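Here the chain labels run A, B, C, D, E and F in written order, and each chain numbers its own residues starting at 1.
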Amino acid sequence: MRLLLVNANTSQNITEKLAIEARLALPAGWQLSTATGSFGAAVIQTRRDCAIAEHACIEAVEAHLAEQADGCDAVVVGVSLDTGLWALREALNVPVVGLLEASLLTACMVGGRYGLVVMGPKTVPLYRELVERHGLATRLAGIEAIAADALAVHAAPEQFDAALIEACDRLVEGGAECVILVGAVVAGLHRRLQGRVAVPLLDGMACAVTQACGLARLELSKAGPTVPG
Amino acid sequence: MRLLLVNANTSQNITEKLAIEARLALPAGWQLSTATGSFGAAVIQTRRDCAIAEHACIEAVEAHLAEQADGCDAVVVGVSLDTGLWALREALNVPVVGLLEASLLTACMVGGRYGLVVMGPKTVPLYRELVERHGLATRLAGIEAIAADALAVHAAPEQFDAALIEACDRLVEGGAECVILVGAVVAGLHRRLQGRVAVPLLDGMACAVTQACGLARLELSKAGPTVPG
Amino acid sequence: MRLLLVNANTSQNITEKLAIEARLALPAGWQLSTATGSFGAAVIQTRRDCAIAEHACIEAVEAHLAEQADGCDAVVVGVSLDTGLWALREALNVPVVGLLEASLLTACMVGGRYGLVVMGPKTVPLYRELVERHGLATRLAGIEAIAADALAVHAAPEQFDAALIEACDRLVEGGAECVILVGAVVAGLHRRLQGRVAVPLLDGMACAVTQACGLARLELSKAGPTVPG
Amino acid sequence: MRLLLVNANTSQNITEKLAIEARLALPAGWQLSTATGSFGAAVIQTRRDCAIAEHACIEAVEAHLAEQADGCDAVVVGVSLDTGLWALREALNVPVVGLLEASLLTACMVGGRYGLVVMGPKTVPLYRELVERHGLATRLAGIEAIAADALAVHAAPEQFDAALIEACDRLVEGGAECVILVGAVVAGLHRRLQGRVAVPLLDGMACAVTQACGLARLELSKAGPTVPG
Amino acid sequence: MRLLLVNANTSQNITEKLAIEARLALPAGWQLSTATGSFGAAVIQTRRDCAIAEHACIEAVEAHLAEQADGCDAVVVGVSLDTGLWALREALNVPVVGLLEASLLTACMVGGRYGLVVMGPKTVPLYRELVERHGLATRLAGIEAIAADALAVHAAPEQFDAALIEACDRLVEGGAECVILVGAVVAGLHRRLQGRVAVPLLDGMACAVTQACGLARLELSKAGPTVPG
Amino acid sequence: MRLLLVNANTSQNITEKLAIEARLALPAGWQLSTATGSFGAAVIQTRRDCAIAEHACIEAVEAHLAEQADGCDAVVVGVSLDTGLWALREALNVPVVGLLEASLLTACMVGGRYGLVVMGPKTVPLYRELVERHGLATRLAGIEAIAADALAVHAAPEQFDAALIEACDRLVEGGAECVILVGAVVAGLHRRLQGRVAVPLLDGMACAVTQACGLARLELSKAGPTVPG
């Protein structure tokens, strides 16, 4: 079976980084394809970038499927803001799962309340709104932001790790029974940091691949699209 | 002062219909400009159309402003799904107001709970989600949908009016103290129908123009953009 | 057109201070009248004062309208606890808008979540309940109180300003994308302080006058009163 | 010990009717006093009446206590809209309990969700808002209104009873595990109708007297008043 | 009349301690019986203990009633996690009241928002979920936990009291207008500490006995059991 | 890898029926074991039965694991009321998933809002409370109950199917974008009925097995147990 991972921004290297994590989580019998946005921002930085990336995301998936006779059996939207998720879910005949969505739903089976660690304080309202949009705000213990960019991770990993662990500890103090690490920058870091945090760490890509492939196996009927008009 | 009305779909005739209503609501001393989406659906019918229209909406506003040395003092997003609203609000230095948003907020000052009449049952979940996204769900009395298209309005206006009034009556029965007529199809119909409904009827364009021009007069400082990263 | 500003407490000097702010926000073509409570507290200090002020507020408006052949086109209740708002809205044939209500609704069009700065920690529960009563609690980032009275403002304005700015900064830290300055004591201070705060500051009177005059222009039909019994 | 029952409207005969019910619920060792509003509506019919009755209610209690050297040990606000409840609770050193409040809290110990039967459809929004204000909306199964006045009860009691029972049945159908009969008109009717309804019927006065006298026995310390300013 | 106090854990000495508090709150004309769990944990420490204690609680009540010809008129579940409350309420023909439930409902009549002080930080999520389950979360100001066990109370009462008072002060700072002391360890401590806290302190057992005996006096009809299947 | 399916009631034939469905959903490389409650009700009919079944469920799992050197890699609680779920999740070192929980979370990835069809109107409040306890009530479109028992299914399957489909249709009418069939009676019926319903039908066991096995593959760290005291 085939899983399509779509990256809504235009950075091919982010697509590749995400694909590494996706393959680690892929069940036996599945193959991974990837698609990358062909226009918009290299890194989604604003709500405006995000709106344009929704279009790029839809376009990238449709272009990929147009080229491939076999189609795919499930799609993971590989952006932690779940960019284009609802539009693709409506438009396609296969399951579509978002990174944040999948980690929130997985967190619900791990403990009572969950926390989020996000990159940069300015994204906090975006993620809070997204949690509310998914209807899961009553189980949110909190969102902690750390000042970080990809460079900092590579230049001073120990400081970065320390900041990440402090953020996790604050969430645990505030009642989080598991913590979701949010963003491409921290993809896969749960393996390095789990031993230093008191509660389970969740990785968006691992959760999303697991949920998408699980949904595909359920072979649910496709509901008619929700069509305005 | 200048108000820019942007229509996110590509139908120039809808832009013109909306502009007529906008001009009726425009305060003295204001001029109206319009912009229309240059790609995407002629009529927004699906979540996919809506996602693409967000991009078209941003692009149309930016193209308009690039051409006009004087810029504008406020923007009304002339689509009842508030397409592109949050992205434009972040990106621009002037107030941006959506049709549904403005009518919901205005309804809050009219009575306790409000109702929505929308065109077509398939849009009900979209509007319900939008009301929740605006944080105003506790005052929603209900959403009633009527089967309708522009043709039906013109071909059998009496039947259309009767269906609309029945929908309003059901909402009033369910506790609505005012009713918002949602969609370009019903723009301006409140004038024809108000006398036959027991509670105030609100028109999205009239509300949005009033709110946008009022906000511009408040001369609020522009907060820094909400930037992921 | 005529806007009536009613002050529910008995302090004529507060009425005059509020009227100055109201006139600054009044659109062209409007005249301002004022009315002041004839019984109850000079400054509303308790829930008991507030309950009595509701009666005084209704009485003051009705006495004013009984004397004036021309009536008025809109009413602003010039008390930040929205004293008497719902009763007057039911009783009158013109729009009635409250200070807190108008600033909350305006804040919704400015950013995602808003904060409140109120005078004195004991009013925090009153304002929290009022935000909930308006159905807008999901967008409340927080309420910060500062110890303050009118004297302190005049005696040590720099300290007062510093306390106010610190309160705003705490709200911004907690996710507020705009801040409402609440209370007659701080009326108009947004002009002095805006440059020192990172997000837009909203003034209740400016918002309320703008909303009341905007509503009057919409010429909404008057719904029948909500009558128990 | 002394329980003061205050009726916020000016009808002495309603005070007397309520006092009969109150005495039936009074524990051993308690005496009942009553007070009646001296201004405002004979029957509270509008939000405006209700606002004025808050003042009358406070005034009636304070006048009563000024005349009586011994004071009282608890107060029941004998109006189903809990008129003046929060102001009196703040102002007095003894427990103050409202009719609707007490029946809602009692209902919470009877079953999962409760329903309300109210007199007249126009009061439905007032009671819905009051339930929300008490923070108990998540357990509200529904509110059913019946067209009724005191005359109808006396003129055609069988029809009135039938309408009341039908309303109860609709609430039970909608998930109510007990039903509160709301309003002076139906005070005491639970005795006549309980046998014909599948779930427990709650009477506001019986609940309020029981809660007020129980609270008095707890001898809770008096918290300082919540004072704006 | 007879009140049955059931302790769901197997510690006879806790039953006796609780019975002392229960007798202090018992109205004239009531007698107290007690029952103690015959299997499960001596002190409920985990969710697993709690689940088993539900069974023990039901079994203890049914064994007690099987032995006593006269039955009982009300039951208090003497565990602050309200263990077995809903099952017993369904199964018995008399009122059943829980310790936390009764103190939450009583707190609603004391002030706007209430706080909880609980023993040990690991119980915080359990109590938060329980408050939500009772549908009373909107009035929760916060939960503060202190590290404490029965020994610490006896060994260093002054330090324990200081920690308890600090926890209360934090809750008052956060908006609590009364504080509930939760757990058998602190039963009766409100008498010793009330003078040092600014808001009323509530004791679960005093509230529960008062509510249970009050409910019994209301003589509500027994609704049919809620039966799956 | 080993999945343990525990049936909290004492009916071995229900365990076997559930095991058939579980095996259909089991991924390659997994083996199924089962455990059945050794005391309590043959069919859970009341809240009392349910409380006792929690104990039986814990006991059955612990007895099973005590006998088996190899333990298990995940547990599915095979009762649609998620009996014992939270206690087992705390007590065990492997993922534990409930039938209702898994189908609710899966439904979140299928569409906007979901509906439930349950067996018997008396279970409606139990399921409503359970949805709230999972924190997923904002996406609940409604719960429809049908009068049904196992006999009726076998005796008159066409009538049963018709009733089930009508219930689904009412939910779709009310906004459900997928429907969960709840209860052992309807296990596997989605295969027979999917073609006659407009939206996807979800089966609890298929969802739970998929989620439990997916969680096991994520190899999340085990958080420390939530321990009262």
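Just so we're on the same page, a contact is a pair of C-beta atoms (placed from the backbone, for glycine too) under 8 Å apart; a residue touches a chain by one contact, two chains touch by 3 or more.
Molecules present, by chain and UniProt name: A, B, C, D, E, F = Aspartate/glutamate racemase family protein.
Worth saying up front: this structure is predicted, and the values here are computed from it rather than measured.
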Query: What pair in A-E, E-F or B-F shares over half of its contact pairs, by residue number, with C-D?
result: E-F
Query: Distance-wise, how many Å sit between the C-alpha centres of subunit D and subunit F, to the nearest whole number?
result: 43
Query: Taking each chain's centre as the mean of its CA atoms, how far is subunit A from subunit B in angstrom?
result: 32
- request: List, in ascending order, every residue of subunit B touching at least 2 other chains.
  value: 89, 112, 125, 129, 132, 138, 177, 226
Task: Could you classify the connectivity of these chains, where an edge means two chains touch, as line, ring, star, complete or other?
output: other
Set of all touching chain pairs, with the criterion as stated earlier: A-B, A-C, A-E, A-F, B-C, B-D, B-F, C-D, C-E, D-E, D-F, E-F
Query: Once bound in the complex, which stretches of subunit B touch subunit F?
result: 124-125, 128-129, 132
- request: Can you check the complex and tell me which residues of subunit D touch subunit E?
  value: 25, 27-29, 89, 95, 97, 101-102, 105-106, 108-112, 134-136, 138-139, 177-178, 194, 198-202, 206-207, 210-211, 213-215, 217-218, 220-224, 226
Touching residues on subunit C, where the partner in the complex is subunit A: 112-113, 138, 175, 177
Task: Using the touch rule from the top, collect the residues of subunit B that touch subunit A in their complex.
output: 43-52, 54-55, 58, 81, 84, 86-91, 119-120, 122-123, 125-126, 129, 132-133, 149, 225-229
